[in-house]
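Both of the next two complexes hold subunit A, though its partner changes from subunit B to subunit C.
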Partner chain A sequence: MDLIEFFGNHTFRMVFLGTSVIGLVAGALGSFAYLRRQSLISDVVAHSALPGALLAFLTAVVVLGVNGRNMLGLIVGAVATGTLSALFANAIAARTKIRIDTAMAISLTFFFGAGMLLLRVISDGSFPGKGGIDDYLFGNASVITIADLVTSTAVGALALLLMLVFWKEFTLRTFDPVLSTVLGFRAGLIDTLMFTTIVIAIVIGVKAVGVVLMIAFVVTPPAAARQWTRTLPGMVALSGVFGGIGSGFGAYLSIMLGNVPSGPVIVLVLFAIFLISLLASPRRSVITTALHRARAREALRRALLAEGTDR
Partner chain B sequence: MSFILGTSLLAVVTALACALPGAFVVLRRNAMLVEGIAHAVLPGIVVGYALTHDLNSPWLIVGAALAGLLVVLGNEWLIRTGLVTGDAPQGLLFPALFAAGVIFITLDFSHVHLHTHVVLVGDLNLAAFHQLSVNGVSIGPRYLYVMLAVLAVNVAFITIFYPKLKVTTFDHQFATVLGMRTRLLNTSFMFLVSVTVVTAFHAAGVILVISLLVVPAAIAHLISRRLSVMLVLTALFAVVGALAGFWIAYALNAATSASMAVFFGLLFIAVAVIDALATRVRRYRRAGHAGIKGLLVRPPHEEAERLDGSSPAPSPQAAE
Partner chain C sequence: MSTAPIACRARNLSVAYRAEPVLRGVNFSVPLGSVMGIVGPNGAGKSTLIKAMLGLVTPLTGTVDFSGRPLDQVRRRIGYMPQSTSVDWDFPTTVIDLVTMGTYGELGWIRRPGKAERARAMAALEQTGIPNLAARQIGELSGGQRQRAFLARALAQAPDLYFMDEPFQGIDAKSQQAMVDVLQDLRARGKTIVMVLHHLATVRDYCDHVTLLNVSVVASGPADEAFTKENIRTAYEARDGAEAFLATAV
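Now for the complex of A and B:
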């Protein structure tokens, strides 16, 4: 199949655009999570989005009597439980002697376990539109509708807009939290805003990528982008580009391969981008470091030898 | 042995086998690394199954455990390069490995009949399906004996290396100064955790394995001040949780491992809340007051601490 044929197909176009938007938004906003060293909390949020997405499905089907898979309901539910899980983990770490990594594991298994129970309830019951509901686990980009695409693009754009509007505050809070507080910025408010944008970036991917692998979309592009750039705007932009292009290409590959969920393929593509960046970026990478070291060693050896012959 | 007895025994043994090394995982702050291991063993299991066609084969267990160890060693390597900051190294490797595992499964690469669903939550009843019998008398599921063996190895490892584990866990620098090979010990311990994860995977799935490893130990950590006490309490909570989760799931016809994960989460919340209340009452009594009012009124010295501008959170010494 060539590219013209690929983009001529409505489903393929939706898959490509949908995953690219997710990759772009998650990559750009993930940069802040990366720089604040809070990458793993994204994993907790993503897993914990499952019960929220399923509760939204149940509410829509049983109470409202509408399509259970509508994107807006999913986003609202997933943001709610995702945020709750992060607050829960932080509360455990702040109020007990349990440390944050254990607290995150407790929160993750608790919320995800609840989600798996709900999944069982839904698949045992007779709810309209429940077929393929476990796509929320690993994602299925081929069920993205135009309405979904519009909603996730709008919500993702809103998150990116928030980032641009509060760019100065986010930057200051990320790199110098003390100065930011001294200058009178409200730390709690900025943290909440920043965290909300990251949660949004995570949950818009639930339908197409699934909750289990969403962490890769938030962590991998920033880690790759960091190897190529030294400025924050450069990093956010490059991370977004890596996320967007990697996701689009991964989606294309998964369609070419046939019966393969798009999420895992995209994750592997993103990982490949990261590996290349880590090993061979010209500025900071494993190979560059090794070359520098070898050169420095050689220079030192020569200097010592020269000193020896002078005497 | 009846099916229900065999299966509930299996639940208890699996919980114990995971929870005991879990106590050290919690104390060594490796909980999220275990989350990585639990995801990363998947491709190892699928490839191992393609080669051995037996989920309980020792070759498969060791091979898949090596895939889990890849996350531990890769994490250390990424940190050493100095190119990736914060907790990101832990989040980079395991999604890629897990993704590879999922792709292997969906491509039906090895004809392993694993539903991706089962990968996440396991299936205790399916795991217990293959029964062993001696002279025509059923002696329980075959898998029970595999888990018993892992439990025995874990108990043996913890018993033999107890002093070393203790020193490296609580004072890593001191252990290094003493000349202990801390990295070797850490890697072997993580390998053992990985082996445990792989064997328990069948019954518990990725998510419950993490829950079993971390949460009983965390609950015990809340209310114990000595390592030996913590280990005993961890085992106790693991058994209670396994039985409760099993019977709740049985009564509600729900997935066993998901019920256990939720039950452990609720148990953690209950113990944390009770412990906090008890601490508050104790402190209030010591301050010269008595009665249930201590639950409702903030102790006076804590107010004073606040006015000093110091942290309102009670320090462990203050709680004592």
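Now for the complex of A and C:
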């Protein structure tokens, strides 16, 4: 299949565009999660989005009697339980002697377990449109509709806009939270705004990528982009490009390879970008860093030996 | 006590982490235009005192005022130089961007730094003697250069009152001299400086006023009156480091 044929197909086009938008938004916004060391809390949000997405489905089908798969409902539900789970983990860590990593694991597994239970309830029941509901686990980009694409693009654009408007505040709070407070910026407000953007970046991918792998879209592109860039604007831009192109290319590959799910293929492509970045980046390559260090150590050893014989 | 106007004052300030007191009933005042060194053993609460005065930790008892006004009314006139270990030096940013952050408070929400702010940051880098490093990645700086960049950021805030937490930590001789020059210039221009110092030997070189702290205030006032052998011994509870210092100095 050539490119013209690929983009001539409506489903393929949706898969490509849908995953590219998710990759771009998650990659750009993920940079702040990376720099604030919130990668793991992002995974808590992603996994814990499952029960919320399913509750949104149930509410739509049972209570409202409308299509259970509409994107906006899914986003609202996913944001609700994802955020609740992250707050729960932070509250435990702040109020008890239980450490944050333990608290996050407990919270993640509880919400994810509840989601798995709901998944069973839905697939055992007789709900209209329940077919393929377990795609929320690993995603299925081929079911993305134009309405879905419009909704996730709009919500994603809103999150990116928030980031651009509060760029200065986000940067200062991330780099030096203490100075940010001393200068009179309200920490709680900035944290809420930043967390909102990261949660949005995560939940817009639930349908196409699934809650299990979504974390890779938030974490891997920034880690790769950091290898090549020296400034934050550069890092955010490159991370968005890595995410967008990696996702688009991964989606293309998954279709070319036949009946392969797009989420996992994209994750493999993002990993490849990450690996190349680790090895080949001019300033931070693991290879050149190791060589430089070995050379410097050898020079030091010789100098010390020479000193020893001089005496 | 002197009758000079007071830049800032703490009254009965106590701070507790959980139920452990870190500061207990601290009273002291910083005369306008003075250089006040806060000195004491490890765990004396030196950094906590600065943080409590800047509203970064909530005190259990007591108040802080700045020439009679609360912190929120005078934020723009206060500069803060934290310990350089308090930030991630692998953060992707350049030295000039770091220093420009000092102007963010004056800009307030949303407004972006422009040419004027960049110029102020550049002038601050010139004062600390590292304008040539402006385009450098912050991770490439040496310990002394980091402290000078942090000092430049405080200068870019253009405050009247400076709080510095161990400004001379991990610093080379050249950077130390550059910083001392800046401090003398600030003092000549009537600025007030409060700094936490770790090494007793340097206190006399930099400070005209001293507060000896060990959870409570042992002594506070002009260096000649407060920084005495007797007071140092009390503050350090005759620890080895202080004994060695007392044997050679003062």
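Heads up, the rule we're going with is that the second predicted complex is superposed on the first by the 292 of 311 C-alpha atoms of A that agree within 3 Å, B and C clash if a C-alpha of one lies under 4 Å from a C-alpha of the other, contacts with A are read in each partner's own complex, and residues count from 1 in each chain.
One rule holds for everything that comes next: a residue touches a chain if its C-beta (ideal position, glycine included) is under 8 Å from a C-beta of that chain, and two chains touch if they have at least 3 such contacts.
None of these values were measured; they are calculated from a predicted model.
Residue contacts after overlaying the shared chain place A:Val143 against neither subunit B nor subunit C.
By the touch criterion defined above, A:Leu84 lies against neither subunit B nor subunit C after alignment on the C-alpha atoms of chain A.
Legend: residue contacts after superposition of the two complexes on their common chain; A:Ser285 is shown touching subunit B, with no touch to subunit C.
Comparing subunit C and subunit B on the residues of subunit A they touch gives the larger count to B.
Of the two partner chains placed by the overlay, only subunit C lies in contact with A:Phe185; subunit B stays clear of it. When the two structures are aligned on the shared chain, A:Gly113 is found in touch with subunit B, with no touch to subunit C. In the superposition on chain A, contact of A:Val267 is made with subunit B only, not with subunit C.
Once the two complexes are overlaid on the shared chain, A:Leu58 sits clear of subunit B and of subunit C alike.
Looking at subunit A, you'll find residues 35, 226 touch subunit B in one structure and subunit C in the other. On subunit B, the positions that touch subunit A within their shared complex are 26, 29-35, 39, 78, 81, 83-88, 90-92, 95-96, 98-100, 102-103, 106-107, 116-117, 120-121, 207-208, 210-211, 214-215, 218, 221-222, 253-255, 257-262, 264-266, 268, 272, 275-276, 313, 316.
Taken in their complex, subunit C has these residues touching subunit A: 54-56, 72, 75-76, 78, 80, 82, 86-88, 91-94, 97-98, 101, 104-105, 107, 109-113, 137, 153, 157. Within the complex formed with subunit C, the residues of subunit A that make contact are 35, 165-169, 171-172, 174-176, 178-185, 226, 229-232, 234-235. Remark: subunit A residues 34-40, 42-43, 47, 92, 94-99, 101-102, 104-106, 108-114, 116-117, 120-121, 124, 134, 137-138, 212-213, 215-216, 219-220, 222-223, 226-227, 257, 259-261, 263-265, 267-268, 271, 274, 278, 284-286, 289 touch subunit B in the complex.
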